[in-house]
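Chain naming follows the written order as A, B and C, and within any one chain the residues start at number 1.
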C-alpha cells in the first residue's frame, strides 16, 4: 500500500505561550483532493508552514510521500502557492516563470506556457510587463501558472481563488478537477466552502488549532444534520 | 544545489542591474573624479597625490556603503515579500539559497571594485592599482557577507545597515584602539586592563581593514604580494566564518 | 518568533562555523603585533580646501583639526616630543585653524602652552612671533596669549627687549575695557626690569594723562607705582 501524500501525526506548535496547533492528525491520500477550512487565526497557515519546514514542530511529525518534512528532498514532488503571492519586483512575468522553472531544473517551453496561460485566461502579452505592474488577479494567475508548469505530484495551494474574477475561478476549478482526474494530489487551504465542496473529495475543519472534523463534505452535512456545508461548518465550530 | 545557487546568484545580479544600482556606481565614480580633480586644481603642492588619496578614500567608502545598502534593502524586501518562502518551498536547501545569495553579492561587488580600480589607473601605476582593486574586492566581499548576516539576524533595514556600518568602521579602527590601549601614556589600572582585554578580543574576531585597500599603495607605490597575501588569507577565513554564522542563523530561523 | 532547535542546523554548517572561528582566532593571534609608527604632521591644505570640506561647519572642522593636531604628540602607542614635529607645518596648521575659527582660543592656547615650551630657542621664538602676529589680528580677544608670550620672553628666553615689544603691543592694541589693567601695564614692569626707570615713569604719566584709565583702583595702582619709581630714581 503506497504511503499517503501527506501525513500529519500528532502535530503541535506553540508561539510563545499560545498553542497554535495541538494534536493535529490528518492523512491526505495520493490522488486525493483535500480541503482544509477554518476561520482566520485557526492555524491553517501555520500547519502549511510546518508542512513546508518553514517552522519547527513542537511535537509530532509530518511526512510527505513517506519522507520526513525536514528533508529537502521531501519537497521534490510538491509545489506551493502562498496566499498572497508577491513575485520579485524586478522581474517580468516571463522572468518569474523562468526563475522558478530554473530552480526546479525544468525547461521553459513557450508552448506549454501559452497553454497554461490560456487555461487561466491570462494574456501572454502580460508576461513582458514587470510583475509590479500586475493587478492582484494577474499576480495570482501568474503564480498558478508557475505551479501548473512545474507539473508536480502534490499541489499545496493557500487560497488559490483569491483575487480571481468569476471566469478565472471557473477556469481554475476546471483545471483542478482535471488534475484530480489525472491522479494529482491537491491540498487546498480555503475559506470558500463552496469551492471546497465542489473540488474536494474530503475536507478537514481546523478550529483553534485542533481538527474538529475530517471527512467528505457530504459526511459533514450528515454528521451535523444540516442541508448546507456552511451550516454544518458553523455548527461544527460553535 | 549548485545549479540552484547559480540561478539565485544570477537573479541577484539581475536585481542590481534593474534597480539602477549601476547608475549609482557610475554617479559615484563621476563625483569622485570631479571632486578629486577640483582638489588637485586648488592644491599648492603634492596635487597629484592629494587627488589620488582623496579619490581612493572616497571610492573605497562609497563602494562599501553602496554594497551594504543594496544587500540589506534587497534582502529585507525579499523577506517582506515572502520571496524566501517562495524559494524555500522548492526542493532547495537553505544552504543553497544562502550560497546563491552570497555568490550573487560577490559577483555584484566586482562591478564597483573594477570600475573604481580602473579610475585609480588614471593616476597610479597599474601594478598598484591592481593590488588596490583586488584588496577592495576582498573588503567588499566581507562587507556583503556581514550585511547578509545582519539582515538574517535583525530583519530590518535600519538595524542591519547600522550594524554593518558599525562593523566596518570598527574593523577599520580596531588596530588603532589596540595601540592606544597599550600605549605608554595609557594608565594600566585594572579597569584599563579589562578594557584592553575586551578590545583585544574584538581585535581577534574582526578583520583588520586598516591593512586592506591601503591608499599608500597607490600614492607611495608600496603595495606588493607580501602586503596582499595576508589580505587574501584573512578574506578566505572571514568569509568562511560569516558563511558559517549565516547558515547557523538561517537554519534556526522560523519563517 | 522563537528560533528552531539546534538539531535543525546541519552538522556541516556547525563544523564550518566552529572551524572558521578557530582559524580566525589562530590567524589573528599568529599575526605580528602592529608597532606604532610615528607619523609626521602632513602639509597644511589650503584654506579653500578646508572651507570646502567643512560643509558649512568651519568651527566644527577647526575644533576637530585642533584635536587632530594635538594627537600628534600622543599617537596610538607612543608619544612624539614636539621637538620632532615640523614647526613650519605646526604653524601652518595653527594659522589655518585660526582662519576657520577666528574667535577660537585653542590654537593660540596650544601655541603658548605647548608648542612654545620644551623646545629649542629658535622654535620658541618662532611660536612667540606667531602668537604676536595673530594677536595683532584680534588684540582685544587674543591678549592673554601675548601676555603668556611676554612672560615666556622674559623668563625663558631672558629676552627683555622682546618681552617689552610684546607688552607694548598689548598696551597699544588691547584697548577694550575687558582687558585687565595688569595686562596693559606689563610694559611698565618690563621697563623696570630693563632698568629703564625714566621710560617707565613717562609711560605711567602718559597713561594717567590720556584719560583712558577710568578705574579708580587702576589709577591708584599707577600713582603708587609712579611714586615707587620716583623713590628709586632719587635713591640712585
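Basically, contacts are C-beta pairs under 8 Å (C-beta built on N, C-alpha and C of every residue); 3 or more make two chains touch, one makes a residue touch a chain.
Quantities reported herein were computed from a predicted structural model and do not represent experimental measurements.
Asks: For this structure, I'd like the pair of chains sharing the most C-beta contacts.
Replies: B-C
Asks: As a test of understanding: of all chains, whose mean C-alpha position lies farthest from that of chain C?
Replies: If we average the C-alpha coordinates per chain, A ends up farthest from chain C.
Asks: Can you compute the centre-to-centre distance for chain B and chain C, using the mean CA position of each chain? Integer Å is fine.
Replies: Computed value for the inter-centroid distance: 40 Å.
Asks: Starting from the mean Cα coordinates of chain A and chain C, work out the distance between those two points in Å.
Replies: Computed from C-alpha means, the inter-chain centre distance equals 77 Å.
Asks: Which residues belonging to chain A are in contact with no fewer than two other chains?
Replies: Answer for chain A, listing residues that touch two or more other chains: 55-56.
Asks: Residue numbers in chain B touching 2 or more other chains?
Replies: 254
Asks: Using the touch rule from the top of the page, what residues of chain C touch 2 or more other chains?
Replies: Answer for chain C, listing residues that touch two or more other chains: 1-2, 4-5, 8.
Asks: Within the complex, which stretch of chain B touches chain A?
Replies: The touching residues are 3-4, 7-8, 11, 14-15, 18-19, 77-78, 81-83, 85-93, 254-255.
Asks: Please name which positions on chain A make contact with chain C in the complex.
Replies: The touching residues are 15-16, 55-56, 70.
Asks: For the complex, give me every residue of chain A touching chain B.
Replies: Interface residues on chain A, with respect to chain B: 49, 52-56, 72-73, 75-76, 78-80, 82, 84-91, 95, 99-100, 102-105, 156.
Asks: Please name which positions on chain C make contact with chain B in the complex.
Replies: It comes out as residues 1-6, 8-10, 12-14, 16-21, 23-25, 27-29, 31, 34, 36, 43, 45-46, 48-49, 52, 74, 76-79.
Asks: So in the complex, which bits of chain C are touching chain A?
Replies: Answer in residue numbers: 1-2, 4-5, 8.
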